[in-house]
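As written, the chains take the letters A, B, C and D, and residue 1 is the first residue of each chain.
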Amino acid sequence: MLDKFGIAKRIAQELRDGYYVNLGIGIPTLVANYVPEGMEVILQSENGLLGIGPFPYADEVDADLINAGKQTVTTTKGSSFFDSAMSFGMIRSGRVDLTVLGAMEVADNGDIANWKIPGKMVKGMGGAMDLVASAKNIIVAMQHVNKAGESKLLAKCTLPITGLGCVEKVVTELGVFDITPEGFRCVEYAPGVTLDYIKEKTLGRLVIADDVKQMVIG
Amino acid sequence: MLNKIVKNADEAIQDISDGAVLMLGGFGLCGIPENCIAALVRKGVKNLTCISNNAGVDDFGIGLMLKTRQVKKMISSYVGENAEFERQLLSGELEVELIPQGTLATRCMAAGYGMPAIFTPAGVGTEVAQGKEVREFNGKQYLLEHAFNADFAIVKAWKGDTHGNLIFRATSRNFNPLMAMAGKITIAEVEELVPAGELDPDMIHTPGIYVNRIFQGVNYEKRIEQVTTRLKD
Amino acid sequence: MLDKFGIAKRIAQELRDGYYVNLGIGIPTLVANYVPEGMEVILQSENGLLGIGPFPYADEVDADLINAGKQTVTTTKGSSFFDSAMSFGMIRSGRVDLTVLGAMEVADNGDIANWKIPGKMVKGMGGAMDLVASAKNIIVAMQHVNKAGESKLLAKCTLPITGLGCVEKVVTELGVFDITPEGFRCVEYAPGVTLDYIKEKTLGRLVIADDVKQMVIG
Amino acid sequence: MLNKIVKNADEAIQDISDGAVLMLGGFGLCGIPENCIAALVRKGVKNLTCISNNAGVDDFGIGLMLKTRQVKKMISSYVGENAEFERQLLSGELEVELIPQGTLATRCMAAGYGMPAIFTPAGVGTEVAQGKEVREFNGKQYLLEHAFNADFAIVKAWKGDTHGNLIFRATSRNFNPLMAMAGKITIAEVEELVPAGELDPDMIHTPGIYVNRIFQGVNYEKRIEQVTTRLKD
């Protein structure tokens, strides 16, 4: 079974040289720490930055330079700043190669719910609805089950939807699941996890890939 | 003579009255018009509708106007950083309309570009789509979303000149240039106000034609929500 | 009767301090030469410039700096450059205070035709259709009659329309005409021109203002 | 490694084939991609659809591609400066679609911003409106105009870096940044190509994400259509 760092490491294997990538808050942000050596990946922050650098040293902190999680960051060589309309313009027109998001629920048809829990204070969708409606390649990074032990991989989302049929792939502590017309297709299982356990913890339609294999993470 | 310069924030906002619809630039606390917010609190104007990506924190940004109950309605994409906000929302004192961040940005741009409405896929199939027209183009569905109609846009820039030309810095740009184009009256506060001719015409983000009033702000706090750092090796 | 310089001088009286103004090609361009002393007027060029300066000295000519008529120009203090979408954005959103255009025909309801003559090579509308559809204050500068001596102030345009009901005022060599629900309202006549002559040369509905007066130009 | 750099114009355009839809930046002869146009003439690719505000003059700009009969269709706002153009048009060899300049610009922007269509008042009541949907918003009529769909956008910038970031100069900016956002493949030729990190991130007009190929152009002629000057006092 993976921890959150393991999930991030596995998702980092989906990166390709020259990719423009938008990483959501939480586990997705960790993916930036595992970009393979020698590979150049450019991170987009929807508040108006291409080329997010590492956190600043204490004496470099700049209130005008934050990421979409409102954390202080730095730039990299080749960075650019732009306004929020252009930022979502590049998202909407499909220029971002990979988007990694957290989720509360994913349905086996690729629907995603990650912005609102009825009865709880709603903080807002931020850029999530734009991202899921527009990005061409969306990977969800999340825990397979919620705190009550219930599957978050469902036949149908029970929470308010963020976007329809948009998720391509889900990576959880248990494995890697492609969204296919047949539902979640388990292509990899985490070390120490059985396929039976995955079946038990997945409520949506699940198929096991013929060539399913154990995940290898560095 | 062009005369866009006002003395300070109090003069800039003096004709904003109860019930006005305001746009306020900024993302989180980054690039917010601190001086004008303080002046709005001093003026005590009420029943405001505020279009702003966020609602500040309890003791800074739009949070200051929430504390004094000056805001009737927030139109935002994310409002999670504010306990007073939550209290007013749950008690029904405050109306909130949540809209996707890209939709918020593009509805500002639409106003500035004289486009009455735009199409976006954001929110299709969600509760955001309720009551909205859905239209298909090339096999994909889009919502029709209307341009904002704000009485005043209040923005913060890094540099500005006496013609109202603005330059923003780093990610404090965010919604500011979009809102600057979108208000019936646009008020800009800047960290540095220079004479016309000192800014490179190629490097201006907001041409002065969009800006009605400009002043040099004072005492910028520029509070940071999350200071994240790394250690020197 | 006015010459083209007189028409431009008369239109210059419509300028107000701080106006943003778009001047079309031909007589409208001449208006820039008669901005009243002490008044600041900012000229917009729809190819992406606010603050058009005078023609350059020979040693200042810059191929990257032209106006919408493709003539070399200069900037002024406070100029800004922008792309063509923003340029028409500011036009469409009503930020330009005054637009001065030439025309082939104007109808007494404010319709304008100025882009196409059937049977002749059509060069295109350029920005004219955007300007007439969007600008809030449009003055037409033109000759009262065409080369055949026929009125260009009509009940209805005979040439293909550029925009509907958009013209506010027409200034010709004969006078100044406001577009009103009653048609062309003659508010000024040029020196040496009689109201009868104006009536003879105007085909559209024409009313003479009660306080009509002779034009005064500097 | 990001690898957007190509050797020259010939390499940049090598996969443009007969029948392609191209966007070409520039207003008149100002800011046109001279090197790529020359390479397209050398390559002899045919039946092109060219979206460009103008069509060059007889012996420069897109006029060079007209002379060699490479263009099937022009989509422009103004085409008046070209005798060969007129001949081909009148003889029916060339198709021309004339659209308002602001509509042309905004349809490029729409493509770059992922908006399938936009509303503009330009052309309402004219022959431009034929066959188009008219819709009223707030008492004013607008035409629905669709985003362009171009195989390649070819633009000219002043400076560019190895990440594809672009900066334009003066009015040679015009349609270039809009088209840069709008092509399926965007090719940028620049007067000066610098390493990533040398351009100020606040001053970039086109972020590199929109640019697929970039090269340093050579031998810019930058012809002027109308040299207008004044005399020294």
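Convention: a contact is a pair of C-beta atoms (placed from the backbone, for glycine too) under 8 Å apart; a residue touches a chain by one contact, two chains touch by 3 or more.
All values reported here derive from a predicted model rather than from experimental measurement.
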item: Chain whose average C-alpha position is farthest from chain B's own; value: C
item: Selected pair, greater C-beta contact count between C-D and B-C; value: C-D
item: Distance between the centres, which are taken as Cα means, of chain C and chain B, whole angstrom; value: 36
item: CA centroid of chain A to CA centroid of chain C, Å; value: 56
item: Gap in Å, rounded to a whole number, between the CA centres of chain B and chain A; value: 29
item: Multi-partner residues of chain C (at least 2 other chains); value: 75, 81-82, 85, 88-89, 91-92, 134
item: Two or more partner chains touched - positions in chain B; value: 106, 113-115, 120-121, 168-170, 173, 201-202
item: Each pair of chains that touches, named by its two labels; value: A-B, A-D, B-C, B-D, C-D
item: Chain C to chain D touching residues, read off their complex; value: 45-49, 54-58, 60-67, 69-73, 75, 81-85, 87-89, 91-92, 111, 121-130, 133-134, 160-164
item: Chain D residues touching chain B - in the complex, by the definition given at the top; value: 106, 113-121, 137-138, 140, 142, 146, 167-170, 173, 201-203
item: Complex contact set, residues of chain C against chain B; value: 17-18, 20, 38, 40, 42, 44, 50-51, 75, 77-82, 85-86, 88-96, 134
item: Chain A-touching residues of chain D, taken from the complex the two chains share; value: 1-3, 111-115, 161-163, 165, 181, 195-197, 201-202, 204, 207-210
item: Partner chain C, residues of chain D touching it in the complex; value: 27-31, 53, 76-80, 86, 89-90, 98, 100-106, 108-109, 120-128, 158, 168-178, 205, 222-232
